[in-house]
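There are two complexes below, and they share subunit A, which is joined by subunit B in the first and by subunit C in the second.
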Partner chain A sequence: MKTEIVASGNQLIAKFSGRLDTAAAVQTIEDVKPLLEASNKEIILDCSALEYISSSGLRIFLSIRKEASAHGSKVIVRHINNDIRQVFMMTGFVSLFVIE
Partner chain B sequence: MDLHSEMILAEYEAKQPVYKRLESIVQRTLEDALARNGILVTAVGTRIKTPDSLAGKLALKGSKYASLSDITDILGARIITFYTDDVDRIAAMAEQLFEIDWHNSVDKRKLHQIDSFGYNSLHYICSLPKSLVDDEHCPELNTIRFELQLRTTLQHAWASINHDIGYKTGVEIPRDYLRRINRLAGILEMADDEFSRIRAEITDYRRRVQNLVRKGKLDDVQLDGDAFNSYLQARPFDELNKRIASITQAEIQEVPLTRYLKVFMALGCNTLGDVQRLVKRYEEDAYRLARHQLGATDIDIVSSAVGVLNICIVCVLSSGGGKIGLKRLFEHINGHNSENEAIAELTFELAKNLDYGSN
Partner chain C sequence: MIVAAGVLAAISCVQYFTARNGIRIEAELRAKTELRKAELEIELHTVEMETAAKTLARLVEKHIDIPDSIYAATRLAVGTLRTKTSLAVAFVPDYFPKHGRYFEACSSRITEDSIYTRQIGSAEHDYTQMEWFQNGFKHDSCWWSEPYLDDSGSQTFVVSCSYPVRDSKGEVVAVVCVDLSLDDLKNISDYLQVYPNSYYTIRSSTGLEIVPMPDTVAGQKYNIFQEEIDATGWHIEIIIPDEVLFRDLNHIGRLVGVLMIIGLLILALIIAYSVRTTQKMLDFAEKNQRIAGELEVAKTIQMAMLPKVFPPFLDRPDVNVYGLVEPAKEVGGDLYDFYVRHDKLFFCVGDVSGKGVPAALVMAMTRSLFRSITAHEENVGAVMRKMNNALMDQNAQNMFLTLFLGVIDCKTGQFDYCNAGHNAPAMLRTQNTKVELLPVLPNLPLGIEPDYDYQGQHAHADRGDLLFLYTDGLTEAENGRHEQFGEERMLKELTECRERGLAPREIVQTMQQHVEQFVNGAQQSDDLTMLAVRYQVPALVMRNDIQQIPTLAEWMEEIGLPEELNMPLNLALEEAVSNVMLYAYPGQSGQVLVEAVKSEKVVFTISDSGIPFDPTQKAEADTTLSAEEREIGGLGIHLVRQIMDEVRYERYENKNVLTLIKKI
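Presenting the complex of A and B:
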C-alpha cells in the first residue's frame, strides 16, 4: 500500500495505490496527516490505483472528511473501482462523500 | 484649537494604552456573552475614536466637556443584529454585563413622534464593573465610560447611508431629499417588524410541527425541511440501522440525513404520514437487501444513512424504476455527477435478484 500526496494550486491530491486494509492502515494514517491539517483546501482522494478498502480504510476516509470539514476543506473521492463502490454503497457512505 | 481642547487631546493620547486594553476586554466580553446566550448577530465591532475625529468634536463643542472622562464615546462598541427583538435581548444582556449610566443612555427608537421616522438605535453608556475586571494597577478600566450601540442590520444600513448622504458631502441637503430619506426609515422600520414577525411565526410553526410529530399525527404535517427535521429527531431509522449493523456487528457512524427529504419528495411523499408509510412498507425488504450485501463481508462500520438508503433503493426497484430510477435516486442524494450511473448500475445488479415481498 502506498500513499502519495501532491499539492496542486488549492488542491491536495492523495494518490492511493494497493490495498487499504487493516495492516496498511497504521502507515496510511501517518501518510495522510498533511490532509488532516490542511485548511480551506480541496482534498482529492484519488483511488485510481486503490484495489481494495477495508473498514479501517473507511475510517481513515471518515477522519479525513471530519477534519476537512472542521478546517473548511472539501473532500472529493475520485475514480473508485467497482469493489470500492460497492463498499461505499452497502455501508451508506455513498451519501456522505462526494464521489466522482 | 484652544488650550482646553489641546489638554483634552493630550490626555487622550496619554491614555491610549488604557483605551486599547478596555477595547479588547469589551469586544471579548460581548462576543463571549452573545455566544453563551446563543444570539447570532451580523457584526460585533469596537473602535477607538481617531485623533482627527476627537479634534473635530472638540472644535464643535469642546466647552461642553470639562475633561476627557466627560466624553463617553472615545471607545465605541456596536452590535448589529438581524432582528429588532434581538436589540432588546442584547440590551438586557448588556445590563447584566456592564454598569449602565442611565442618565446618559438613550433609546433613540423611542424618541420619535408618532409621525416621524429616522435614526433608530439604542445607545448605552457603560463602564466595566469590578466583577468583570479588577486591576489595582489600572483602576481606570472601571471608570472610563464607553458607548454601546445596538441596532438592526436595516437600521445600520439606513444610518450609514444617511450619514454618507447627509454629512460627507458637507452640503446642506434640500428638505425634499431629507424627507425621502426619512420615508425610507419608515419603510425599513416596517421591514424590521415584518422580519421579526416572520421569525416568530416560523418558530411557532416549528413548535406546532414538533407537537404533531410527537403526537404521531403525521398525516397532518406537510413534508418540508422543518417537518422532516422534526421527523428525524424521532430517529425513525434507528431500529433498522441497528438490525443492519448487527449483521456484521458493525458500529454505526452518524451522518446527516437531511438530503433524503428531496428523495422522499421525489418518491411522491406529500406528508410525514406518507414518509412513515413508505418506511414501514419497505423496511423489511431494506433489511434483506442490506443482509444480502453485507452478510458475506467483514465490514464493521456502516453509516446511519444505511437504513434509509436501502429503503429508498427497495422502493425504487419495487416500483419498477430500474436502473434509471436508481440513477435518479442517487442524483437526489449526491447531486448530478458521472458516478451516479455506475453506482446505480452496481446497485441494480446487486439487488435485482431479491424477491421483494412487499411489492
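Presenting the complex of A and C:
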C-alpha cells in the first residue's frame, strides 16, 4: 500500500495504490495527516490504483471527510473501481462523498 | 442372641417363681381349710366324749347310793357314743365296801349291737395310780390325757377324757373316764391327706406323736402348715414336700425349659444364617462397589485411548476430525482412532461384538494393533489382514469386530479404505448435494477367518469432502416404540448438516442431539460412536496481529472462489478476523484459525481461544447518517452482514467459533 500526496494549487491530490486493508491502514493514517490539517482546499482522493479497501480504510476516508468539513475543505473521490464502489454502496459512503 | 436368650430365661424364671408362689398360697389355703375340717372332726369327737363323760358323771351323782345302777349308767353312756370306745367310772378306794377296795364300772361297745359291761377295778388294775384318775380327780373340768397304750381294753393307743363325780356334799368320789381310740381319728386323714403324697402329723401338747412323722419326709424340702386343737391342745401339721407340691409345675417348667432351649437353638440357627446371608450381601455390595469403581477407572483409561484433541491439527491444518464414543455400559467395545503420518491421515472406526469388559479389552487390543501396524504399513488391505491374523492369534473368546479403516493422502486427496463388515460411512461431498454411503466391499469382520484376504478400495477426496463414520449404535438406536433411528434418517440429517455448512464437530454433536431426541429417554442399548473426517483446504493459522491480515488474501486464492466474490469475501473475512484480533485477546497474544469449505457455497470458520466475544452482538453503523453524524466504528460487522448470507457465533469449549456462509 502506498500513499502519495501532491499539492497543486488549491488542490491536494492523494493517490492511493495497492490494498488498503486493516494492516495497511496503520501506516496510511499517518500518511494522510496533511490532508486532515489542510483548510479551504479541494482534496482529491485518487483511487485509480486502489485495489481494495476495508472498513479501516473507510474510516480514514471518513476522518478526512469530517476534518475537511470542519476546515472548509471539499473532498472528491476519483476513479474508484467496481469492487470499491460496491463497498461504498454497502456502507452508504456513496452519499457522503462526491465521486467522480 | 445372648440378650434374647437372657430375656427369655428371665421371663421364664419370673413365670416359674410366680407360679410357684401361687401354688404355695393355694396349698396353704387348701391346707388351712383341711386343717380346719380336721379340727372340727376331732372336736366333734372330743365334745361328744366330754358330753358323755359329763352326762355319766351326772347320772352317777344322782344314783350314787345304788352301785348296780352305775353299770346301767355306763351302758347308757356308751350307747350315746358312735365310736367303739370304752367308758368307765372309777371310785375312790373303799367307797363301796361291799364291792371291794377298787370299784371301776366299765362298759365297752364290742360290736354295733353289743355292749360289754363289767367291774375292772382290782389290785392289779389299780386305777388310782393312773394319770387319768389322778388328774380327773384334781380338775374341775374335763381333763384330756396324753395318748397311751390301753393295755386293759382295745390294746390300741387311746386318749382319755376324765371328769370328776361328786357326792351330795361336793366331795369328789369318782372319776369318769372315756377313752378315745386313736383309730377312730383315722378318718380325719381324709382331710389331712391334702395331696396324694403329702403327710400329716398330730402331736400332743407335750410333743408326743399321736400320728408320727413318716421317715420318708427326712432329707426333703417341705412345706408345713399347722393348726392347734383348742380342746386337746394337739398340734396338727400338714407336711407337703416341695417335690409333691411343685411336681406339676416342675414338669411344666422342665417342658418349658426344653422348649425354650429348642426355640433358642432354632433362633440361634436363624440368626447365624441371617448373619451369614447379611455378610454375603455386604461382601457382594462391597465387591460391586469395587467393581463399579474399577469400571469407572477402566472407562477413564479407555476414553483416554481415544484421541481427544481434535483437529484441525495446528501442524495438519488440512484435516478436521471429530469423534465421539458413548458406551452403553461403563466400558464399551466401540472405538475410533486417527493420526497423521507422512502427510497421511490414518483413521478407523470399529465395533467389537458384545459389550462390557471383554469387548473393551478387544477394543484396546484393536486400537494398539491399528497404531502398530499402520506405523509401517500403508496398504489398507494389508493392514486389515495383519490385524485380522493378530486378533485370530490372541482371540480365545471368539470375539470378532467390524472395522472401517481409511487413509487419506493429504497432499493428493487419494483416499484408500478397507471395510471389514462395518457400516458403510456416509460421504458429504462438496461436489454432490446428495449425501451417499461410500461403496464398500463385503469383507468379513476381523477375528473370524484366519488369513482372510481383505480387499482395499480407492476413492478420491476433494478438499472440503467429509466422511461420516459411525457404528450401528447410531442407526440401530431405538426409541420406546422399538423403532430404529435408521440409515435413511441418518442420511437425511446429514444432508441437512451439509446444507447448513456444519463442521465435523457440529455434525457429530447435531447427530447426537437428533439421536437423543429420537430415543426420547429410552435406555441406550448399544455403544454409539461417530467420527467425522474432513479433508479440507489447509486452514490458515494466524497470530492476533493486524499485520497478518494480508495473508488472508493469499490464502483465499487456494480456495478457488469465483472472481466476482473474491473481493467481498476477502473483505468480510478481513473484517471478521480483524475484529477477533482486536477484541478476543486483550493485551495478550493468541491464535486465530480460519477454515474454508467450498461447495455450492463457501463456509468460513474462524476460531480462537480468546475471551468470549460475539461480534454478531456488536452495534452496526447507521449508514443513512450524514458524514458529520457518522461514528467511526461499526462498519466492519455491518460489512460482514452485508456480504455474507449467514453469520453465526458459537462459544464452544473455551473457543469462539464464528461461521460465515455465502452462496456461490
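Here are a few things to note about the model shown:
Everything that follows uses one rule, which is that the second predicted complex is superposed on the first by the 100 of 100 C-alpha atoms of A that agree within 3 Å, B and C clash if a C-alpha of one lies under 4 Å from a C-alpha of the other, contacts with A are read in each partner's own complex, and residues count from 1 in each chain.
As a working rule, a contact is a pair of C-beta atoms (placed from the backbone, for glycine too) under 8 Å apart; a residue touches a chain by one contact, two chains touch by 3 or more.
Remember, predicted model here, so these are calculated numbers, not experimental data.
Superposition of the two structures on subunit A leads subunit B and subunit C into a clash. In the superposition on chain A, contact of A:23 is made with subunit C only, not with subunit B. In the superposition on chain A, A:11 contacts neither subunit B nor subunit C. Looking at the shared chain after the overlay, A:99 reaches subunit B, while subunit C stays out of its contact range.
Using the contact criterion defined above for the overlaid structures, shared-chain residue A:52 touches subunit C, although it does not reach subunit B. Of the two partner chains placed around the shared chain by superposition, subunit B is the only one that A:85 touches, whereas subunit C remains out of contact. Shared-chain residue A:62: touches subunit B and subunit C both. Only one of the stretches 293-301, 311-319 or 347-355 in subunit B has C-alpha atoms clashing with subunit C after the fit on chain A, and that stretch is 293-301. 54-55, 58-59, 62, 86-87, 90-92, 96 are the residues of subunit A that lie in the contact sets of both subunit B and subunit C, per the superposition on chain A. On the subunit A side of its complex with subunit C, the touching residues are 19, 21-24, 26, 52, 54-56, 58-59, 62-63, 65-66, 69, 83, 86-87, 90-92, 96.
Residues 250, 253, 255, 259-260, 290, 293-294, 297-307, 309-310, 330, 333-334, 337-339, 342-343, 346-347, 350 of subunit B are the ones touching subunit A in the complex. Chain contact summary for the complex, subunit A toward subunit B: residues 54-55, 58-59, 62, 80, 82, 85-96, 98-100. The part of subunit C that touches subunit A in the complex is made up of residues 546-550, 553, 567-568, 570-571, 574-575, 578, 621, 623-628, 630, 632-633, 635-636, 638-639, 642-643.
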